[in-house]
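Common to both upcoming complexes is subunit A, partnered first by subunit B, then by subunit C.
== the complex of A and B ==
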């Protein structure tokens, strides 16, 4: 375990919890599709920081970095495809409001 | 240690600003700022390779992607902006309050955890771990990238006019 890990554990956990809350709140309470993707990005930032912190505490930084690189690649692909879907919705409905795409709601 | 506190505070503030700001463009810029601060913190936590990826891909590529998408959408009119501002305020006024409550709550039940974890092996190089021990992850990355490329091609394919 790294020497500074116990001192860093608490502030990092606090920061990660707040980032999770901010991202989740954005995803849940916005109707704008681009803003929802931005909320998703913030949630992923929290996960990234959590993995890096776990690697730092356990002194497995190399493993944590390799996992984070994988996470970043997946994040880019997900966001790119989601942005494509959002642009398709924008072209189809003329707006970015999630309330306008409730045609499938039962 | 104080610098770490400052970086974490900046990270939370940047992400809060990203969510709370009215303009979508500012949200995109705020997201890039959040990524930059996170990259600095990752560098301080002995993860330089991941920090470089975060800086170049998340702060660079994804921000460009978001800003390009925002530029493809039309801006709101002045009247719509005012109406939208009040609607947003009604939905988001609770968020800073929630963050403050969370901070106070966590500070109240603060305790130093006793962490007992196994010591690291001699695998200190992220490149060695990634290429020699996480090959399945690399295969997964390649498959996900291919899936993304095909997804984008299908989404943006122009329909043939009959």
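== the complex of A and C ==
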């Protein structure tokens, strides 16, 4: 356990929780598909910070770094595929409005 | 050992994309069939492939601990069988050579990811392989490029990313508690401090992520959309193995190896499982679209698996794993039948079809076998797995859930019989006079899968001690 950890833990956790809230707000309260993806991206950034914090307070920085680098690579791939899908939706409907993609129901 | 099963699909992708692509294109189909068959053979006849087990190259390079137990073997067998089926179906359904080639590449990546999921013993490596499988399935769902496919893929992506965020937050909290990401060290840390706020929060988030990935009832929104809008072969893959390995297997493995069967986890699993069983079956009753009906049925059957896991006894887990195996066989077969019907008649609307048994006898017979197995009619495999789950629930005192499982089985029979009556029985509908059997590519895997589901039921006494009961051993460990 790092000696600065007890003082740093709660402020950092609070900051990360705020990032989560911002990301969730961004995903839930928008009809724009690209904005929803940006919200998801903000959520993943919060998780990245949480892993770094976990590595710092347990003094496992090397492990946390390797995890975070892997995570960033994967997240870029996922978001790229998601943007590709959004582009496909844009080609079909001509808009980025999430209210248009409610055909499948029941 | 057996890490070459992950290496083989990756090598396959590399070989397919070497400079002389024209030659590779012709060989691609057989290469995939070969890889799937090798995987099935390696599981069924481990002695034959023992010398390959010495080649632990990937584990040596990546320093990842790959191990294999009975549960992993069952999953590898399912992955091999369903991949085999999907390659044949895609060959029959897809006329465009380029798209077929892309499908095979993505399929090999998917298989590599799924094989990785079932062999790792480290929570972060689990996440990495999970994302490999998820990304390939996103692209596969959208590969038809029609609007419905994009819609299904987008819903899956959004929920999957939310599940990823929950899972990674749980991993970060485990890292704080345990200082490591291996299953054994997290398990030890959880045992020494079971009641800390962070521990409970992390377990809750991880379970939620698994529920989303396996499409259980409160989080099922993406399942019917992406199953029904994906191309036929991708529906087979999704229903047969992707959600099973990514969600259900992860849940079984993590609950049994890391969290342990605490009373809180057991009651959560039982409640979510019962909700999925009943609500999935009720929703399936009201569907007109063949594939949507199968998707809701899939939710309901996954509920049975979770009920078996929730009993927390060795017998219950053995039943759950056996039902997982059966489900991937008969649900792949039913999606295969829906592909055959859609290919020949051009529609999936159950109201506009009737009497296809006269024109497509093989599809009719195999779909009757699969539906009866799914509904739990005695000589077939599905009956035995449901029976084991219900007995396990009864024996651990969960009488309410046991009765619910029996009652929901009747609902399952109801929606499958209604499907059979609408599509296959009765008088031949108008405009369906020229329908014929869908061809070798769909008939051959259908017969194989039907034989597996009948065989596993009839030869149960032979396999029950080597294949089913040993699954319960993971509860103790």
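We take it that the second predicted complex is superposed on the first by the 106 of 106 C-alpha atoms of A that agree within 3 Å, B and C clash if a C-alpha of one lies under 4 Å from a C-alpha of the other, contacts with A are read in each partner's own complex, and residues count from 1 in each chain.
Everything that follows uses one rule, which is that contacts are C-beta pairs under 8 Å (C-beta built on N, C-alpha and C of every residue); 3 or more make two chains touch, one makes a residue touch a chain.
Predicted model, so just to flag it, every value in this text is computed and none were measured.
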Contacts of A:40 with subunit B and subunit C, given as first, second, both or neither: second
Partner chain(s) touched by A:89 [first = subunit B, second = subunit C, both, neither]: second
Which of subunit B and subunit C A:50 touches, first, second, both or neither: second
First (subunit B), second (subunit C), both or neither touched by A:63: both
Partner, of subunit C and subunit B, that touches more residues belonging to subunit A: B
Which of subunit B and subunit C A:11 touches, first, second, both or neither: first
Which superposed partner A:81 touches (first subunit B, second subunit C, both, neither): both
Common ground on subunit A, meaning residues reached by subunit C in one complex and by subunit B in the other: 53, 55, 57-58, 60, 63-64, 67, 70, 74, 77-78, 81, 84-86, 88
In the complex with subunit C, residue positions of subunit A that touch it: 27, 33, 36, 40, 43-44, 46-47, 50-51, 53-55, 57-58, 60, 63-64, 67, 70-71, 74, 77-78, 81-82, 84-86, 88-89, 92-93, 101, 103-104, 106
Subunit B-touching residues of subunit A, taken from the complex the two chains share: 1-2, 4-15, 17-19, 21-23, 25-26, 29-30, 32, 34-35, 37-39, 41-42, 45, 48-49, 52-53, 55-70, 72-81, 83-88, 90, 96
Residues of subunit C defined as touching subunit A within the complex: 124, 128, 131, 134-135, 138-139, 142, 145-148, 150-154, 157-158, 160-162, 164-165, 168-169, 171-173, 175-176, 179-181, 224-225, 228-229, 286-287, 292
In the complex, subunit B residues that touch subunit A: 1, 4-5, 8-9, 11-12, 15-16, 18-19, 24, 27-28, 31, 34-35, 38, 41-42, 45-47, 49-50, 53-54, 57-58, 61-62, 65-66, 69-70, 72-73, 91-92, 94-95, 98-99, 102-103, 106-107, 110, 112-113, 115, 117-120, 123-126, 128-130, 133-134, 137, 140-141, 144-145, 147-148, 151-152, 155-156
